[in-house]
Amino acid sequence: MTTLAPTQPALTQSSMAQALNAALRDSLREDPSVHILGEDVGTLGGVFRITDGLTAEFGADRCLDTPLAEAGILGTAVGMAMYGLRPVVEMQFDAFAYPAFEQLVSHVAKMRNRTAGRMPLPITVRIPYGGGIGGVEHHSDSSEAYYVHTPGLHVVAPATVADAYGLLRSAIASDDPVVFLEPKRLYWSKDAWSPAAPAPIEPLGRAVVRRQGTSATLLTYGPSLPVCLEAAEAARAEGWDLAVVDLRSLVPFDDETVCAAVRATGRAIVVHESTGFAGVGAEIAARVTERCFHHLAAPVLRVTGFDIPYPPPMLERHHLPGVDRILDAVARLQWEQ
Amino acid sequence: MTVLDHSATPTPVWPPDAHGPRRDPAPLLPDAEPVRVLGTPAVKGLAPELLRDLYRRLVAGRRYNQQATTLTKQGRLAVYPASTGQEACQIAAATALRPTDWLFPSYRDTLAVVSRGVDPVEALTLLRGNAHSGYDPYEHRVAPLSTPLATQAPHAVGLAHAARLRGDATVALALVGDGGTSEGDFHEALNFAGVLNAPVVFLVQNNGYAISVPLSKQSAAPTLAHKAVGYGIHGRLVDGNDAAAMHNVLSEAVEHARSGLGPVLVEAVTYRLEAHTNADDAGRYRSAEEVAAWQQRDPLTLLESQLRDLGLLTDEDVSEAAAVAEALADHMRTMFHVKPELDPMSLFTHVYAEPTPQLREQAAQLAAELEAEAEAER
Amino acid sequence: MTVLDHSATPTPVWPPDAHGPRRDPAPLLPDAEPVRVLGTPAVKGLAPELLRDLYRRLVAGRRYNQQATTLTKQGRLAVYPASTGQEACQIAAATALRPTDWLFPSYRDTLAVVSRGVDPVEALTLLRGNAHSGYDPYEHRVAPLSTPLATQAPHAVGLAHAARLRGDATVALALVGDGGTSEGDFHEALNFAGVLNAPVVFLVQNNGYAISVPLSKQSAAPTLAHKAVGYGIHGRLVDGNDAAAMHNVLSEAVEHARSGLGPVLVEAVTYRLEAHTNADDAGRYRSAEEVAAWQQRDPLTLLESQLRDLGLLTDEDVSEAAAVAEALADHMRTMFHVKPELDPMSLFTHVYAEPTPQLREQAAQLAAELEAEAEAER
Amino acid sequence: MTTLAPTQPALTQSSMAQALNAALRDSLREDPSVHILGEDVGTLGGVFRITDGLTAEFGADRCLDTPLAEAGILGTAVGMAMYGLRPVVEMQFDAFAYPAFEQLVSHVAKMRNRTAGRMPLPITVRIPYGGGIGGVEHHSDSSEAYYVHTPGLHVVAPATVADAYGLLRSAIASDDPVVFLEPKRLYWSKDAWSPAAPAPIEPLGRAVVRRQGTSATLLTYGPSLPVCLEAAEAARAEGWDLAVVDLRSLVPFDDETVCAAVRATGRAIVVHESTGFAGVGAEIAARVTERCFHHLAAPVLRVTGFDIPYPPPMLERHHLPGVDRILDAVARLQWEQ
C-alpha cells in the first residue's frame, strides 16, 4: 500500500505587497470579526494596493472606504473593537497617522489597562512607513519611536516577504493593539514565497539572526535589513565577518536573541532610518550595554537618519543609512585596542 | 445587500450635476425654540407614572451630587465634577436607553452612569483614585468615563456601526459638553455617523461653560444643534432643565436612530450650578446673579411644582423619594469609608494580555522593593 | 476697546435664557442653487475686460496643467496633482485677493499659487523634489503648499486674526478639498474663525472625489456649504466651473471678511477631470461616462462660448491668449531642463536658527563622506 | 565723590508658578508681539494660575481664552507667528497636547526648514507635565520623549524657581519653537527668588551641575531633580558621594557638561519619571556611553517610570522613581570590581 505525498504548491516569486494582501485576505476569510477600514482601501484597493480586491471579495462592510479623518478612523475602530470586532486600520502614510495620535496613545494603548483587562482592543494599525521611495514631504517619516515609547502597544516591522505575511497574521490575531509598520520601500521587493503555501504564522516578539558573523553584530529591522545584509557582504572584503539580527518586533523586545548575538561578537551597531536622537537605536544601545557591558570591546554605535526633518526626494540618499556609513561605523569599533 | 449600500442614500434633490446625495436641509434644522414640556399642554401627553418616576430619579440624582461633593470635602474623593443643575440631562440619558443600548459618558456624567445601574462606588472609582475605571463596561453597557474631551464620540459611532453590522437593534448614546463640541473628534464622529448612517445619538449638555470659558467664546453658532445639518443628521434643541422634555426628545432621538433613520444631535440647554469641580473657583468667571437666575430654573423644582399643579405629588411621595435618595447617600457614605483594596503589582497585570519580558523584569523589581519595605516594617 | 470685545457680539435673538450669542441662522445658510453667472442675465453685470481677463487666465491655467503633466511624463516632476477642470476655482483664488492678502494653498493648488505671481518652477519645487518649498512665502504672501490635509486652515485663521490685531486690512484665503472638510483641523479652524470673527475665507473645491472616495462616502451634508451655520459663519454655494460666478462669489466673500462682517465658507462645485495624480488610475473608481459628462461643463469652453455669444471674443483674442499660455509653457520647459542646484549640506542649515552641537557633528560627518565620495571620483 | 549702590530688592520666597507668571508678564510687557493663547488662560488665569492677572493687565488680545481644541490653538498660533507675532501657547495638561501632535510635528517643527529659513515660527508651547500630584488619568503624563525625537523643536524643562523664569524668558525670546515642559509637581515649590530682581535670562542648551560628587553622577531634569538631590544626601550615609547634573535643556543637549561630569566619576545613572523604553534616558545612556566608554566602570543605568500607562493616584508612588530606587541603582554600579 502506498501513501501519496501531499502536493506542495511551488514557491513562486512574490512581493511583500502580495504577501500583505494575502495575509489580509486569509484573515478576512478565517475570521468574520475582522474588518478593514481606511482611506481608499475599498474600491481603489489602497494607494499601495495592499487591500486590492478585498472589497470586491468580501463587500464594503468588511473593507470600508472611510471619510478622510484619521482620528475618526481609529476612534471608530475602537468602538468596533469594543463591540467584539477585530478592526484592521490602514493609515495611508506614516505622517498621516499623526492626527490619530491622541486616539492611539490615550485610548488604543490604554483601554485594556484602564478596564483591568475587561475591554481589550484587538486593533491592528497598518502604517506604510519610511523613505527611499522619492516621496514628497510627509510621505517618508519613520515614526516608530513615538509608538515604542507608548506602553500598551505592540510594535512590529517586517523586513521579508514571508514575515510580512506571518507577522501581519499574528498582529491581526493578537488580542492587543499592534502598530504594524510596513516598509514602503520593500513593498515591491520579491522573494520565493507563495500565498498558496503561506509561511507559518510568526509569533510576535522574536528577533531572528539573518546572518551569522564573528566580528561584530548589526542590529536592525524593517527597511534597513537589506542594507545591513549588503553591508555585511561588502565588509568581507575588508576582513570583517558581520552578524545581522532582524529585530522584527520592537515591542516586545527580544533581549535574549539580541544579547546572545552581541555577546558572541563583543561589538554591535544599531542601524535604522529614523532620526537617531531618542530613537529606537538609543533604547537598543542602552539596554544592550546594561546587559552586556563586560562583553563589549567597544561602545554600541548607532547608524541612523540625521536629526533633521526628512529631506526632499533628491537629497534623501544623503540622509538614509547606507552601506558606506555602516562600514565607517564598523571601522570605528576600536579594533586596535 | 450591505449595510453600506450607497445606492440606498437619498437620490439627489439638488443640483443635477452636484456630487453625491444632496439632502433637503429643512428637516435637519432644529426648531427656533427649545422643546419644553413642563408648563405646557404637552405635559398632559405624558403618563403620570413616568413623571413621578422622573421626579424620584431627580431627587436621588440631586442627593447623589450632594453626597459626592461631601465626600470630596472629606477627602474620600480626589476630585468631583458635579452635575448639579444638569440632573434632568443625566437621568434622561438613562431613561431613554434600553438595557441593550450603550452609553458613552464624559468625565462629568457619573450620575448618568449610576442612573444606568452602575454602583456609585464603581462609577466614582476614577475620581476616587484607586483605579482608572471601577465598573465592567459590559455589565451595564457603559463605556469607561472619557476624560479627553469628545474622544469617546467616535467610539460611540464605531460601536453603533458594529452593532448594525451584527444586525442588533443597539443604539449608542454619546455625552459631550458644549466645550467638547469644539474638538476635532466631535466633528469627525458626527461626520462618520452621518456617512455610515450609524444608530448613534449625540447629547450635548450645553451648560454654558467649559471650565471658565463661556459659550460665547466657544462657538458663534446660532445653536450647537445647528451643527447637525453640516453632517446631514438631525439636530434637536431641548430645555435641559425640563426633565419631561429631556426624556421625550432623547427617547425620540434614540428610537429615530434605532429605526435606521440616522443619527441625531441633541443640544440640551442647561446650567452647571456648582463650580467646574471642587478644585475650581467659579467666582472668578461668573456672577452670583447669573447663578441665582438659573437656580430659578432648577430642574428639580420645575418638575416638583408641575407635579403639584397636576396633583400628582403628595407629601408622602416627596418623603418617599427623599428616603430612597437618602438610602443611596447612606450606601455611598458607608462604601467610601471602606478603604479601597490596593495592589501595586496590578500595575503590570493588564498592560498587555501577556506581560512582555520587559514588564516581567520590572514587576520583579517592584515586588522586591515591596518585600524590602515589608521587611523594614517588621 | 479690544478686537475681541465680546460685548460686541450680536445680542441674543433666542432664547432669553440660552448661553452666548444665539444668531439668526437664516442669513448663514447657502442658497438652494449654486450661484451661476455664465448663461444668465447676471453676466451683463460684469465688465467685458474682466471676462476677457478671466478667459486669458483660464487658457494659461489649462496650458499650465498640460505642461506640468508633460513634465511628469518626462520625469522632470516627481508627481503632479493636476487641477484640470478646476481652473476657474484656481484663478479666482488669485483674482479675488489683493496683493496684501494671503493665500493658504493645498497640495493641488499650484495653479492658484502661480496665478498669484509665483514662478511656476518655484511653485512646483515641492513636486519636483529638490526642496520642500521653492518660493519665499512673504514675497507674494503665499503660505507653503500644505500636504497634510486641512492643517493649513487654522494657519489662515491665525494669520487673519494677527493681521486684524495689527489693524491691517488683510484677508486670508484657505483652500481645502471636499475630502479635507472631514478632518478635525477643518472643524477647529472654522470654529476659531467664527469665534474670533477673523477675516478669513475658506474655499472648498468640491471636485467630487478624495482620491477614489466619492463625496457620498465623504459627507452626508445637504451641501458642504451647510457646514458654515454650525460655526456661525456665512455659507455660499457656487458653480466652480463658472469662472465669472467664481470670481464674483469669492470676491464678495473676501470683501465681506475684510469689512469685519465675519468669515465665509464657499463651496465650489467642480470636477477633477484628470486622475488624482499621474500615479493614480482613476479608471478603478469612476466611469468614462461620468468624466465625459463633466467635460461638457469644462470651465474653459463655458466661458469661451459665453464670450463668443456676447461678441467679446475675436479669433485674435483667442490666438493672443494661446500665445501667452504657450510662453508660460515654454518658460516651464526651459526652466525644468536646467538641473536644480543641490547642496546636501543644506540639510542641516535650517533645522534651527543655529544648528545644535549635535547637528554640527552630524554635518561634519556628512561633509567628510562627501569629501571621500569626491576623492573616490577623482 | 561717592557712588550709590543700586538698591537690591530682597529675595523673597517665591514659587515656580510665580516665577513663570513673572516671566510671561515681563515678556508681554517688553515685547508687544508676544501673545498668549490657550484654554482658560484669560479670565481664570489658567487652571494652575500661571497666567493669573495677565488678561486684566494686557487685555484679551494679548492673553486669549480660546475654544476647546488643541490643534486649533496651536494651528492658530502658527498662523499668528507667520504674521510676525510671538505666540505662547498653554496646553492645559500633558495628555491634552496630543490632539495638537500633527500641528506640532508636521508644521511647528518643520516650517523653518521647509521654507529654508524664510518662515521661522517663534512659538513657545507650555506644557504642565509629569505626575506626583494625585491627578486622574491623562493628567500626569511625561511626554518629553515624543518631543525630543522631533527635529526642529527645542525641548526645555526647568527644575528650579530661578530657571523657570530664566528659561521661559529665553524660550519666548527664541526664534525657534520651544516645547516648555513645566513640572506640575514643582509649581508650588518655593525658593529664594524675587520677581522684582529676576535671575539673569538663562540661555537654552546648558546643563548645570547642581551638586559636586566623586562616586557617581546622577543625570536628571525637571521634577526628578529634587528627588536626586535628596538621594544624594541619603547616599552619604552609605558612603557614596554623588554628583547631580540638571540637564535643563533636552534639545539642544549639553554633551560637554554631561560628559565631563560622567568622566569625573566613571559611573552614571539617568533619572526621569517618564516611561523608560525609548525614553530620554535611553538617549542619554547611549550617547554618554558612545562618548565616555573607556571612562565607565559600569554601564550607565536608568531609573525611570515603568513601561506602563501612568497609574491611578493611589498607586503612583510605586511608579515614580524615588530615593530608594535611585540608591538601589547606585548599589548596582559594580563597586566590587
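Read from first to last, the chains carry the letters A, B, C and D; within each, the first residue is number 1.
Everything that follows uses one rule, which is that a contact is a pair of C-beta atoms (placed from the backbone, for glycine too) under 8 Å apart; a residue touches a chain by one contact, two chains touch by 3 or more.
It should be emphasised that the depicted structure is a prediction, and the values quoted were computed from it without experimental measurement.
When every chain is reduced to the mean of its CA atoms, the largest separation from subunit A belongs to B. The interface with the greater count of contacting C-beta pairs, when A-C is set against A-B, is A-B.
Subunit A and subunit C have CA centres that are 36 Å apart. Taking each chain's centre as the mean of its C-alpha atoms, subunit B lies 40 Å from subunit C. The distance from the centre of subunit A to the centre of subunit D, with each centre set as the mean of the Cα atoms, comes to 32 Å.
Annotation for subunit B: residues 131-132, 148, 182-185, 187-188, 191, 195, 217-219, 346, 351, 356, 358 touch two or more other chains.
Listed for subunit D are residues 66-67, 69, 71-72, 95, 98-99, 102, 106, 110, 113-114, 137-138, 151-152, 251, 253, 277, 307-309, each touching two or more other chains.
Every residue of subunit B that touches subunit A in the complex is listed here, in rising order: 2-5, 131-133, 136-138, 143-144, 148, 151, 153-163, 165-166, 172, 184-185, 187-189, 191-192, 195, 346, 349-353, 356-358.
Interface residues of subunit D, counted against subunit B in their complex, comprise 39-40, 42-45, 47, 65-69, 71-72, 95-96, 98-99, 134, 136-139, 277, 306-309, 311-315, 318-319, 324-325, 328.
Subunit D meets subunit C in the complex at residues 35, 59-61, 64, 66-67, 69, 71-72, 74-85, 87, 99, 102-103, 106-107, 110-120, 151-152, 154, 174-176, 205, 251-253, 255-256. Contact residues on subunit C toward subunit A in their complex (touch as defined above): 78-79, 126-127, 129-132, 147-149, 179-180, 182-185, 210-213, 217-219, 284-285, 340, 342, 344, 346-348, 351, 356, 358-359, 362, 366, 369-370, 372. Considering their complex, residues 6, 9, 14-15, 17-25, 28-29, 32-34, 178, 182-188, 191, 194-195, 197, 206, 208-209, 214-223, 226-233, 262, 269, 293-294, 297 of subunit B touch subunit C.
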